[in-house]
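Alright, structures below, take your time with them.
You will see chain A twice below: alongside chain B first, and alongside chain C after that.
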Partner chain A sequence: MVTAALLGPAVLAAIDGAVERSDGGVLAAGAWLIVLVPFVAALAITLFGKRLPRHGAELAVAAVGFVALYGTALLLTTLFGDGIVHEGAVKIGEFGGFEIEWAWVVDGLSIMMFFVVGVVSTACFVYAVGYLEGDVRPTAFFASFTLFAGAMLMLVSAANLIQLLIGWELVGVSSYLLIGHYWEQKENSSAGMKAFLVNKIADIGLMIGIIIAGITVGSFTISKIMEKVVESDAALDDVAVIIAVLLFIGAMGKSAQFPFHVWLPDAMAGPTPVSALMHAATMVTAGVYLVARMFPLFEEMAHEALDVALVIGAITLVIAGLLAIVQDDIKRVLAYSTLSQLGYMVAALGAGAYTAGLFHLFTHAFFKSLLFLGAGSVIHAVHSNNMSDMGGLRKDMPRTFWTFMIGSAALAGLPIFSGFFSKDEILAAFREGDHTIVFLLGVATAFITALYMTRAISLTFFGRYKGDGHPHESPSIMVYPMIGLAGAAATAGFINIPGLTDWFYKLVTTRLVPAELLGEHATSFDWTALGLGVLAGVAGIALGYRLYYPDAATQQERDRLYIPGLWPVLENKYYIDDLYMNGIVNPIKGPVARFINWTNSYIIDFVVNVVGFATRSLGWVVYSGIDQRGIDLAINEAGAATGFAGSKLRYIQTGKVQQYAAALFGGAIVLVIGFWISVT
Partner chain B sequence: MTIAQFLVLSAALFSIGIYGVLVRRNAVLVLLSVELMLAAVNINFVAFGRYFADATAGGQMFALFIITVAAAEVGIGLAIVLLIFRNRASANIDELDVLKW
Partner chain C sequence: MEWFDNGWGLSLVVFLPLVGALALLAVPKKDEETAKWLALFTAIASLFFGVVAAFRFDYGDAGALQLGTKLSWIPSIGSDYEIGLDGISLPMLVLSAAIVVLAIVYSWDHWPEPHNPKGFLILILFLATGMAGTFVAQDLVLFFIFFELVLLPMYFMIGIWGDKSKVKLPGFNREVETRLYASIKFFLFTLFGSAFMLLGFLALGLKADTFSIPELADLGASGAFTGTFAFLVFGALFLGFAVKVPMWPLHTWLPDAHTAAPTVGSVLLAAILLKLGSYGFIRIAIPILPDEAKSWAPAIAILAVIAIIYGSLACLAQTDMKRLIAFSSVGHMGFVMLGIATLTPVGITAAVIGMVAHGVITGMLFFLAGSMQHRYHTREMARLGGNLKLMPILGGMLGFTAMASLGLPGLAGFWGEFMALLGSYQPLEGLSLGVFRTSMVIGAIGTVLTAGYLLWMLQKVNLGEPKAEWDDHEFHDVDKYEMAAWVPLLIAIVAIGVFPKIVTGAANDAVQVLMDKAFF
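And now, the complex of A and B:
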């Protein structure tokens, strides 16, 4: 049933040249378990979760823990071996000329994603066990949460675009469920719907792109499409730009790139572990993953699409970074920060820096999930999302404080923390590609990033406590995942130091396509980019320190950065939400709604009424004429006749045995006489 | 002896049996009349068996069967009559009309 590999070894060798690859053996052949286990767990939680002592959380943690272990095992095997490249498939059916199969690809890129999704999910799930203590619907939460992780694993393991689309949409559905977890409040369910609809609009691009790609190549299998790219197939070349741009539109939706970024800050309505997972490993990385997965297509045939990605990424990284400065909700600060960092990743891919973009995805997953968990821990303690209710938590929550500091240092790109290496690599890539403006924007955003994180830390952990009650450190089950992620956030950068280590580069270029198509690994630091990046970060921290540093009196005036003109624009999110509401949603909503209402009342209702009246009349005729007077009469008369006959005939039954016997013998005599007559 | 003589005897016994069954009020006598009818049938079987010179002696076999069945029947019948008598202090068939409408 399970075919070993879609591509034979011969084709594999032809594509990959001289490089020897391992097929991964049992470990890779069983990688379907990574996808299946979370789905089975989600189903089991839905069915039996309520009866379990922890409402299904134990199943959820076990499922993602299994994924984390499996991902780690695959990661170690591929790093210390030849590098696994494997495609397995189970055929489900045939549909016209297209075969439908559940296929999984196990190569460096997907292993990296398995590892990140598994590890970050495990941290977030364990944390969620503590965070959702006493929640209204823990079972529903853990079922959707596990489905969310499973959908992302389905997406990253997909060997064909149809399956990728299925995972993609499942991620959208489960994110909708999770963002609207506290649906009793209208704004939460609206946020879920907004996320779903914005994603859905972008998904149309993805869907059309996939259809065009599949029809042009004759197969939805990604490796087949990559084969055509390597062969410089003319038919594919003609439509490659369209495909790439459409795929990128889909990626813009999931990865929340301008102008589809509006859903992500609102998605903060969900419980904090959801935000942590969504912003780090699962949902928003899907777009970056898609571009990385299809990167050879972009690089070889659709360079225009990469330019689009570069511009979109650059716009997103700046505008989102600026927005993060003015937010009061700590989760929104982090949400805009995520947007900004995703802008870095997309712009890096756009500049052709495949490894740098993915490396930032990798490090960002750890430090951003850490920051969200830290924010959740603070929110858990002070029962408010607003930084104006926080302050001075340094002493009350030391462990949260220190892990948050590590995450912020990594985000601000301070040396030796993981963000430093990945951000530097991206900045270096901008410079190498002569994208001077984007490079300067990147440096400026590094400054902004450091500024808003200093602001967030100052307002949250320093100064005077402004909220009610007495905050306390979160329980161990929430703190330990943060400590683990802090370790990863501090050290994850060491696996890809230019000139020293190239493990990450080797990992993500272990694919069916030749490594040359995936860019090169920098062999030395770009000291200019590095210096400017660090300088910008330090300057941002210095300015933040100067502006927001914690004397109790001035903290109330934290908007001391007030810049007339710019500030209102930022506080209103560039009026983009208003533009969408007033420019698109309402104009369409009003006339379209009126027109539809008119059509509904005067045309559809008329038809429906006529049909209804006709049906009713016919029914009346059938009822009173045929049913009541015809069928019912016959049945009633038959019944009455039987009853009448019975009422008369019952007197025959006297109960006297001798009368019966006399009738019996009389009958016998009659029969004998009859017989005798008939014989003679 | 001709077959007709046996048949006449048998018919006479059967008729007496029918008369007893239909007319008698005492349940025990009704049962006895039933036995008379069975005896008439037995005579018929044996007489025809002899008349047709049946090599397998089927008539006599059936007569034996009927005697056996009759013994069982009268045993059950008398047991029922006994129980009815115990319950109602009467074996009068006219009073046993609970099977009516």
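And now, the complex of A and C:
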């Protein structure tokens, strides 16, 4: 049943001949294990987790550890050998002319994602073992967490759009389970619902986009669609913009782009390891991944959709960055930061910078998961999410402090840290594409980013401790994953230095499509972009230091003091949530739904009941007026025939039904006889 | 096995339950054990032969009628005992035989008041024969008899074992007993449709001088039925099937019937009885009157999407959990009808898998709702809450099944919905693209509303802290009979989701053949 499928000759011929390709042998052919193992583990944890000594955590860690090792093996093989490009499929059904398959693609892009998801998940899972010590229901947590990773892996390994959609929605449902993990409180289950439903709305776009693409091309297989792109197929060209925009709407939901960004900050309700994974490797990267996976379609046939992406990304990166400045909840600072950074990635893809967007996804995964784990470590120690309960923690939690500093430096884009290289590549791409406004917004946001991170560090680690009790460093099982991620956050940028290294570029362009459709790798730094970016970062740190380092009044007072006009708008998240709740959700849940139910009872059913009662009255008229005076014999016969039924019915006082039945059947028989006579 | 392939096999699947029911009559009312084992045995035997049929079935030729027979039956009107199985009926037949077994297993220790297992089991077995018979009948008169045969047992099930509380009719100043109102409404509504359907059948039979469905389909494909005659006949069939589905606005019997029915009644009603209507469209209305189907299709599509949106919105207004699930059927069957209305192989295959999926998923939901009612003695969602805490296994199953019901990809419900939408992007040539593509978008919006009300239900019922009134209450999580009845359904939900070929393997080819004959 398994067909180790290989690339169509037409596509192979179209691939850039300069790069050597291989089908990856056994390693790639078995890559379906990457998807299957987490799913099997999730099932096993659900069924038997409670009986295991660590409540199923051991299975969860083993499963993602396996993925990390497999991903690393694939990564090393493809980087230091021939580039792997492989597709395999199992047919699982057909609908009309459409064949449905489980299919996996192993190429540079998916290998990069396997690696990131595997490594970051392993760090977060190990950390979670410590973090969830004594949790109310660890088994449910680890089952959902493993499902979450598995769903993301299904998504990134998908060789066809249906499977991508399946992984996509499974990511959504597992995020619902994880965000609402502490479902005793209504806020938490509501946050889970919000995430699910906002994503589901965006998924309308994805679903319809997939439908149009599938019908136009006659197949849901992504490489077949790419083949049509390469051939400049006219039918596809006609609808490409619609398809691309619809797919992008789906991407906006998962990657939390404006105006679908509202779910992400609320998603903080879940345990911190969930936030770390969700904001780094899984879920929010799915939208960016989708655009990257379909990039040639956007680039060659649907440039308008890329423009949309550029604008949406630019809006998101600024508005979310500003929101991060006013948060008191440390996780919310990081959440808005994620939105802002996703804005960079999306805008980069919109500017046509395929590699730069993915590179930022790659580096961001490490430093953002690190920051979240750091925040979790702090929260674990002070039992509060609020920075107004923290302060001075650098002495009590030195290892958390230093790793958090490394993560922040990477996020702020300080030179040599990983975020520096990826953010610089994006800024350079904006300039190269003559997107001056977006470039300036990008630089401004670099400033904002440095500002809010400096604020967060000052309020958390410096000054005087404002909380209760004596915080102390987290256990090793939580600290080691942070140290590992800190190493990656510091060094991950080195794999793609303009003019020096191009490993990452080579990796993500090793695909079934010609590399020239995926852009080029810069051979030298854009010194203007680099200079302005670093300058903005340093200025942001300086201002943040000036504003927040001295520990005086409470943090809220400071914020009010320094940004008076903007404060209420930012505090209310630009009123977007209110608009959605009061403008859409509540009306549908309230008046609209009640109106429909009213219609059902008082209009449709009223008619039904009136007809029923009227008929019964007519029945009485007929019965007492005609029947009793003449033809009661027939009815009595009918009554006797249904004696059993009748006795039962009288017993429960329903009496009339056999009369209707008899009447209706009688009528039918009369009509039959009429037909019979008229025909013969 | 030749005897099996010559129609005996299918006849056994259909009539074994009836034989069992008759045998049960002889069992003394007090001897409940014998009654239960006898009923279970006949149901399992029927399922066994159904499964054998699935193995004997030639999937390479799924479009042809197989394992059937044609015997002279009522020569005076030209009606034969003609039965047979193709790729569309096969999954429905197996589903219905399986659900009956599960219903009996569940009933084992969950008898609704006023008890009387013997009577209840007899009704279940009668239903089994009616349902299975409808799916194998290839003669209009035979089809009609089976189709109507399910009516009475369900009527008695609701009327006798149903909800005894009083309900005030909206707009009327009188109170009626829920079960009486619901059972009469169910009966009359369906009978109203059936009367027209019978007229349509008779008109077809007399015009063509045969009641054989394959023969009529051949005639229909060659254009034998046209003009006002065809229009009226399609209209009559439409009424009969649309009430059963039920399509908006003929659906109002459904929430009442489901709410009032005992658990097993709801399960059978949702899982199988509703499908008799949509199956009728696929088996009879469309193949025999293809041209009329084409002109009615846009109207069906519009009613279908109205049902999707209307059903979902109505769900959001419910306070009664069982009624909410009942209304969800209106929306889900809307997707099935949308698929059928496209008149394409994709859409109709989607409808078939949608029917099976709705059968297992909504059947499961009604089982769960029934068991919860059994434990809490209320269906009011405002009084429930924290169910997951009180009964983790039952709550977990409810969460899982709700996810399946909202069409989560990877579970059974997804394929029917998604593929119906896919079909509506490109309906049969000649159908209005405007109507169908708009329907697709509205249907897609419906998936969000569906997710909305199911998550909302979960939040109210499953999550949060249990209400104070249950503090001193002892709750028993899922018992062994429930487990035995439910686990197969849960497995089916996953299996069909992961490997839809279980259904499409037979159905797709059969639908293709049917469509080719009707439209090309």
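As a convention for this text, the second predicted complex is superposed on the first by the 571 of 680 C-alpha atoms of A that agree within 3 Å, B and C clash if a C-alpha of one lies under 4 Å from a C-alpha of the other, contacts with A are read in each partner's own complex, and residues count from 1 in each chain.
As a working rule, contacts are C-beta pairs under 8 Å (C-beta built on N, C-alpha and C of every residue); 3 or more make two chains touch, one makes a residue touch a chain.
In this text, all values refer to a predicted model and were calculated from it rather than measured experimentally.
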Counting residues of chain A in contact, which comes out ahead: chain B or chain C?
C
One more residue to check, A:Lys186. First (chain B), second (chain C), both or neither?
second
Identify the partner contact of A:Leu317: answer first if only chain B is touched, second if only chain C is, both if each is, neither if none is.
neither
Have a look at where A:Gly214 lands relative to chain B and chain C in the superposition and call it first, second, both or neither.
second
Does chain B (first) or chain C (second) touch A:Val288, or do both, or does neither?
neither
Where on chain A do the contacts from chain B and from chain C line up?
653-654, 656-657, 661, 665
Listed in rising order, the residues of chain A that touch chain B in the complex are 650-651, 653-658, 661-662, 665
Seen from chain C, its contact residues with chain A in the complex are 152, 155-156, 159-160, 169-172, 177, 179-180, 183-185, 187-189, 191-192, 195, 198-199, 202-203, 206-207, 249, 252-253, 255, 310, 313-318, 344-347, 349-350, 386, 388-389, 403, 408-410, 414-415, 418-419, 421-423, 425-426, 440-441, 444-445, 447-449, 451-452, 455-456, 459, 462-465, 498-501, 503-505, 508, 511-512
Residues of chain A defined as touching chain C within the complex
91-98, 100, 162, 165-166, 168-170, 173, 176, 180, 183-186, 189-190, 193, 196-197, 200-201, 203-204, 207-208, 211-212, 214-215, 588-589, 592-594, 596-597, 600-602, 604-606, 608-609, 612-613, 645, 648-649, 652-654, 656-657, 660-661, 664-665, 667-668, 671-672, 675-676, 679
Chain A partner, complex, touching residues on chain B are 18, 21-23, 30, 93-94, 96-101
